[in-house]
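In the two complexes below, subunit A is the common chain; its partner is subunit B in one and subunit C in the other.
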Partner chain A sequence: MHSEPLNDRNVSEHSAYYYVDIEEYPTTGWDKFKQVVKRTFRGELFVGLWVVMREMIKFDIHTVKYPLEKLPIGPRYRAVHKLLRLWESGYERCIGCGLCEKICISDCIRMDTKIDENSRKEVTEYSINLGRCIFCGYCAEVCPELAIVHGQRYENGSEQRAHFVIKDDMLTPLDFLTSGQQAEYPGFGAITPNESVTKTPLAY
Partner chain B sequence: MDMAFIIETIVKIVVILLVFSALAGLGTYFERKVLAFMQRRLGPMHVGPFGLLQVAADGIKLFTKEDIIPQNVVKPIFKIAPVITAATAFMAAAAIPFWPQFTVFGYTVHPIVADVNIGILYVLGVMAIGLYGPLLGGMASANKFSLISAARSAAVFISYEVISGLSLLAPLMLVGSLSLIDINNYQAGGIGNWIVWSQPVAFILFWIAAFAETGRTPFHLVANDHEIIDGFGTEYSGMRWGLFFIGEYANMFFISFVIAIIFLGGFGDGSIAGAFQLLLKVAFFFFFFLWTRAAWPDVRPDQLMWLCWKVLMPIAVINVVITGLVMMF
Partner chain C sequence: MNEITITIDGKQVRTQEGEYILNAARANGIFIPAICYLTRCSPTLACRICLVEADGKQVYACNAKAKMGMDINTKTPVIEEEKRAIMEVYDVNHPLECGVCDQSGECELQNYTLEIGVDKQHYSIADTHKPAQDWGLIHYDPALCIMCERCITVCKDMIGDAALSTVARGSEPLDAAFKESMPKDAYAMWNKLNKSLIAPNAGDTLDCTNCGECTAVCPVGALVSSDYQYSSNAWEHQQIPATCAHCSAGCQISYDIKHTDIANPEAKIYRVKNEWNYVSLCGAGRYGYDFQNSNVTKNPVAFDAAIKAFKKADTIAFTSTITNEEAMILQRLKEKLGLKLINNEARVFKNFLDSYSAVSGQSLYSGNLKEVHESDFVVSIGTALKTDNPNARFAMNNALSMNKGAGLYFHPINDPVIEDMSKNLTQFNHAPMMEEAALYLMLDLFGDKTAMPSITVDYLKSFHSLKTVTVEESVDEKVTETVIKKVLNEETGVEEEVSEEVTKTVKKKVSKEIEVDENRLLDLLNAPTGFAETLTKYLAKKEKFSLMVGPDLYTHPNSANCARLVALIEKYTAFNVTMIPNLANTLGVALICDLDEKAGEYTIGYNTAGDFTLSALGNGDLDMPALNQQEGTLTSIDKRVNPTNVALPFGGYTLNDVASALGVSAALSVDYTVQLPVSAGFKAVEFDTLPNHYTNAGEEVRGYVLDTLKVFCGKDENVQAFDEKDAMTTSVVYLANPVLQFTPFTARAHQLNEEGGLYASSEFMSSNGLNLGDNVRVKTPKGEIVVSVINDSKINGDITYLPTFDSKINSQALFGDYRFSNVTIEKV
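This part shows the complex of A and B:
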């Protein structure tokens, strides 16, 4: 349905809005009586009975037995974050630019960087305070290197929320990378797995 | 009184208690399953095959939970109220014939604890006493929701009791006896003799009153979860709450028996087929209690009183008068 008729909020024949037809409330006793009789013999109660009975006979059960069955989730589902590595070299993608830390509206990313012996900026500490993160996805959106992304891991159990989001937990382990298990999400702005990140991934 | 009679009666009482306590548990299972299927869910699935052992799990939970007596309640009344509900529900069963008489090893068993000649009066009276459970429990709870529920139970009680009494009057005039066995035998001739054909209005009215009596969904306003939490049961925990629960479900079974016996021919001529027909009828009425819960909304207390006093009671009275006129001429 097009949204144009809905934009005009005035009730007219051009807009999609109309007044619901509500019967006049009965005032006299006789009218009230007639209403009762009408409602009594209209059999709407039996319509209700039939509807639920029909559903029972159809037996079209919609329950997802959750731990045994799972619903598919979107490719860009925003669960606990991951830090990715470069495919060709295995280096961390994060260049320590600090944009994610800056944009985070909950102010929950903390990172520490230093210049290593190759004059490359190295991220020594990176953590997300999950007690405050609202999973808005801005950090993943802003990252110029596609380094921080949201994972698909929504089943998290631990004694401490912090256990998921210190750097060692988020970073793709090297053996995962070599066996090709580092997931890239598909769609706009994504890179093809097993190809190097040659240019800024986001298309702006 | 001879010893055999006493022993036989005690055995019957124990059997009825055990069977209907178990049925009350199973009733909750069927209720959950039927409601779930009607709402496209699966219901209990994980405890035992198809969730059948859920009943046992719930029983263990209820029995082992701490029995909390809150600080400001009126303790003796608070403690006795659930017992009233459960006890009266089972006391009402004493005058209900659950099965035609049968013979084992040359000994004739009457599956009714006491065939009193005022059977239906006794059943309705004792069931009515059961309303003291919610009433007293709610008033003793020192909780405003319980208090509202107690007030509602009193209001509902005086409303539906009139209907159930007056609507039964007409069939009882036809039969000329208050004993449920006599009522059953009056209809022994087969489907054509069922009182529901000669008294359809009384049947519908009594059925409606049964919903108010057991507090089931269109009239589930004494313990309406979405308005007054659990009503009179809010402050109860553990097995005391469980007694209310057992009382409610046992009541549903017993009232189903009563409707089936009075209006739908009961166990008919007393053959085995008739007995199983009685069970089928009872199962249908029990199922209907669950069915309406899935389908129908609740009415407000004032709507229920309006319905009972201004609509159903005049109809019941007119029904009695017409029945009397027809019988006279």
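This part shows the complex of A and C:
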């Protein structure tokens, strides 16, 4: 669709804009009173009630029964983050490189790292301030280990405006992993599956 | 040295004759890649990447000296090919752990790989397993090491510990085919790299003074601080330019700060960094950074009590670990409230300076550490150099190793670290109180006797005597012999016998009696035998002379005489003199405050004991900010007023708040920077205009240098004789700190936290039957304490020392003014 007709804001018969035919508003008190009486006793309310009644009796309802029922969302949808584990060993994928922290444009990721007893970098704390997160997906895109990904949980209702997700909330629980419930993120930043991918995919 | 003009890549560049091409290029903003070269140290030629073409010949920019009119080309196809091959070789088997590596992007390997554009790898070799090693404060991962040997170079040429060297790598030899196919320099570099690894000389652990400079110079993440390891990424830090608060060297540092953790947004110092090309840090500077007074809030009750105490007090006692501005506030308080200011250590330094000025006519000494770095004959008198001012020690070592220098070290305690600096260094472990003898010896050996006051010349003469000694000498003797030779007569073809006279030289041993000049001063100073000849050897081709004098002279009972002698040395010898102030700002305090000798009845202690104490150590009646929580200036040994900034927040009251409540008011402490006394050499400069950096040419652009003022001095150059009988020959104890410690502030840092005791050499411990941790009663004429014995492997001999950094040990009470005291030590 071309946008040119919309850019022309001079209302005329040639443009896409036109005046809606609206009745004049009543101005005097008597006219206003007449309008109220007319609207009250015309029975328009019952038209609507009848439609509801008719559909109820037909038992053919298309409404999604949220929150009992949820629509599937697109694979590229960027909802609340998840931290994944390696399929093979069950270790955390996150190596603590800090790239997500660096790239985050709303500066809402923070992590604490230390050296663990195996001389590896251990991520002791990881948090995303969802009050500030704009769900841009940069963190998932930059992650070299495909460790932080976006999940499908979009309900962010909370008592606090700035609630956090911390590491325990995001990390795949071990029983989830063993029962095969950890989902790879198929959205932006993920790799195209091919033969070279064995079990745990890597970005390179 | 002459200034010359050379051309680098078509750009005319002015530089000094004999300067390395690399340094000339760097000073003029021309980029030549170099990995193994360290400014102020000797070229290693390990990386070979600084290859350039000078007048059509390939040379290494780091060790080729600039000549007049030289035409240098840094980019030719051959050189580009070499550089590319060198970088490819460095990337062979380098672990791809950049994501977790502590260098986190500050990596020279990464930078040059990208700069040169390595996108393919042509070389390979089987990798070997090289496990990481823990060396205490330092962590070494040989897998990451690229063998640039900068750590070895800095440890030897700058620090003087020489604690690191290369060992066999234990890998397969290179594929012979590479020798043909590879560029020449890249192959040579690889061949060397493939044979070696870094290892401590002492085996599994480092035996050194723990300066950590090796971790600072490491271009990759191979050598890192164990404490910092994996705790943060470099890019997250905010760098706070500052001046180290521990000793008088006033090194430029940056405090790297970041939030404490995810739950605590308050700033925390993660590490200290330095501009390692231009300034080297000691371990106290590098690891002693978290001495802040934390979790302090404004406590109005304590503040009111402080104001009351000030109104009641007649004395303020303080230490020199304060800024110039705080010193200025104290001086103003003194003027306003008529208080006495007590700071013994700064007072004796001030007296020493005054006595010096009375002869030299200058308010300040002439030298600085930069001049020591540049000299080739360095003398140190009256200071335990490695612990009083580590940077002065680095300067001396650097001068000895880089300028083919020689040195003399006068101190009662034998120091193996000093001994290992150079073969051309002699230690004089004289008896305490013989410092004047050392100064007289300087005048005797180097003084211009024609210009010196005749009384002094005569006094010096009195130490000399002629002694007849029998020496065996080998003498060349000419012996003439008649030899019969057979010579072919060419005309006749017959052999004829011809007699010929031949002169031969024969070596013959002759015993001879000669008269030698004996110098009693040398005996008094326990000079090694044959020192006179050693000195002649030392002095060959020496041009620049530096003398460093230290706190033993300031605290000396005859310190005024010592100071006059120092002034005479400066006047009548070629030496420039540098005085080592005891603490971070001793010089500043000495110049700013009028210090009193005797305390009154009610004392306010600032960072020291008093009836009411203000303290940044967290143990006082009112909390004060530590030097990493304050902005202000510190006066260094280089007579430089260096700015330092706030690295960590402080929630309490400052000295300025207290002073303001007492009527000496200013909005900020740094408002006093501009008011520092011009009459003492300070400049009226606003704090915010003070710079704090080094240029690419290595020029120090920090704060400003104090003006040396002309002081009225009479013609009186008389110095007093010293009494040989004063020499303390019985058991003595010294007041000094171990390596890594200066004040209670260093001991507060979590990496340097330790308890003090009586420090003794292994020799002393075994000869007295002492074991580590034994409690001993240390008894001096002034008092006694019971402390545990600690072994210091970095001293030799019978003299023990007590530290000042541990506030639990009141060691100063055991001493008079002088740093040495007679002592009896018994096991309890």
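What we mean here is this: the second predicted complex is superposed on the first by the 106 of 204 C-alpha atoms of A that agree within 3 Å, B and C clash if a C-alpha of one lies under 4 Å from a C-alpha of the other, contacts with A are read in each partner's own complex, and residues count from 1 in each chain.
Operating definition for what follows: a residue touches a chain if its C-beta (ideal position, glycine included) is under 8 Å from a C-beta of that chain, and two chains touch if they have at least 3 such contacts.
All figures in this text were calculated on a predicted structure; none of them were measured in a lab.
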Touched subunit A residues, subunit B compared with subunit C: C
Which of subunit B and subunit C A:T28 touches, first, second, both or neither: neither
Touched partner set for A:Q160, first subunit B, second subunit C, both or neither: neither
Touching partner for A:G96 - first (subunit B), second (subunit C), both, neither: second
Partner chain in contact with A:V36 - subunit B first, subunit C second, else both or neither: first
Subunit B and subunit C contact sites that coincide on subunit A, given as residue numbers: none
Subunit B-touching residues of subunit A, taken from the complex the two chains share: 36, 45, 48-49, 51-53, 55-56, 59-63, 65
Complex interface listing, subunit A residues touching subunit C: 95-99, 101-102, 110-115, 119-122, 125-127, 144-145
List of subunit C residues in touch with subunit A within their complex: 99-100, 104, 132, 229-233, 235-236, 259, 261-263
Complex contact set, residues of subunit B against subunit A: 34, 37-42, 45, 291-292, 294-296, 311
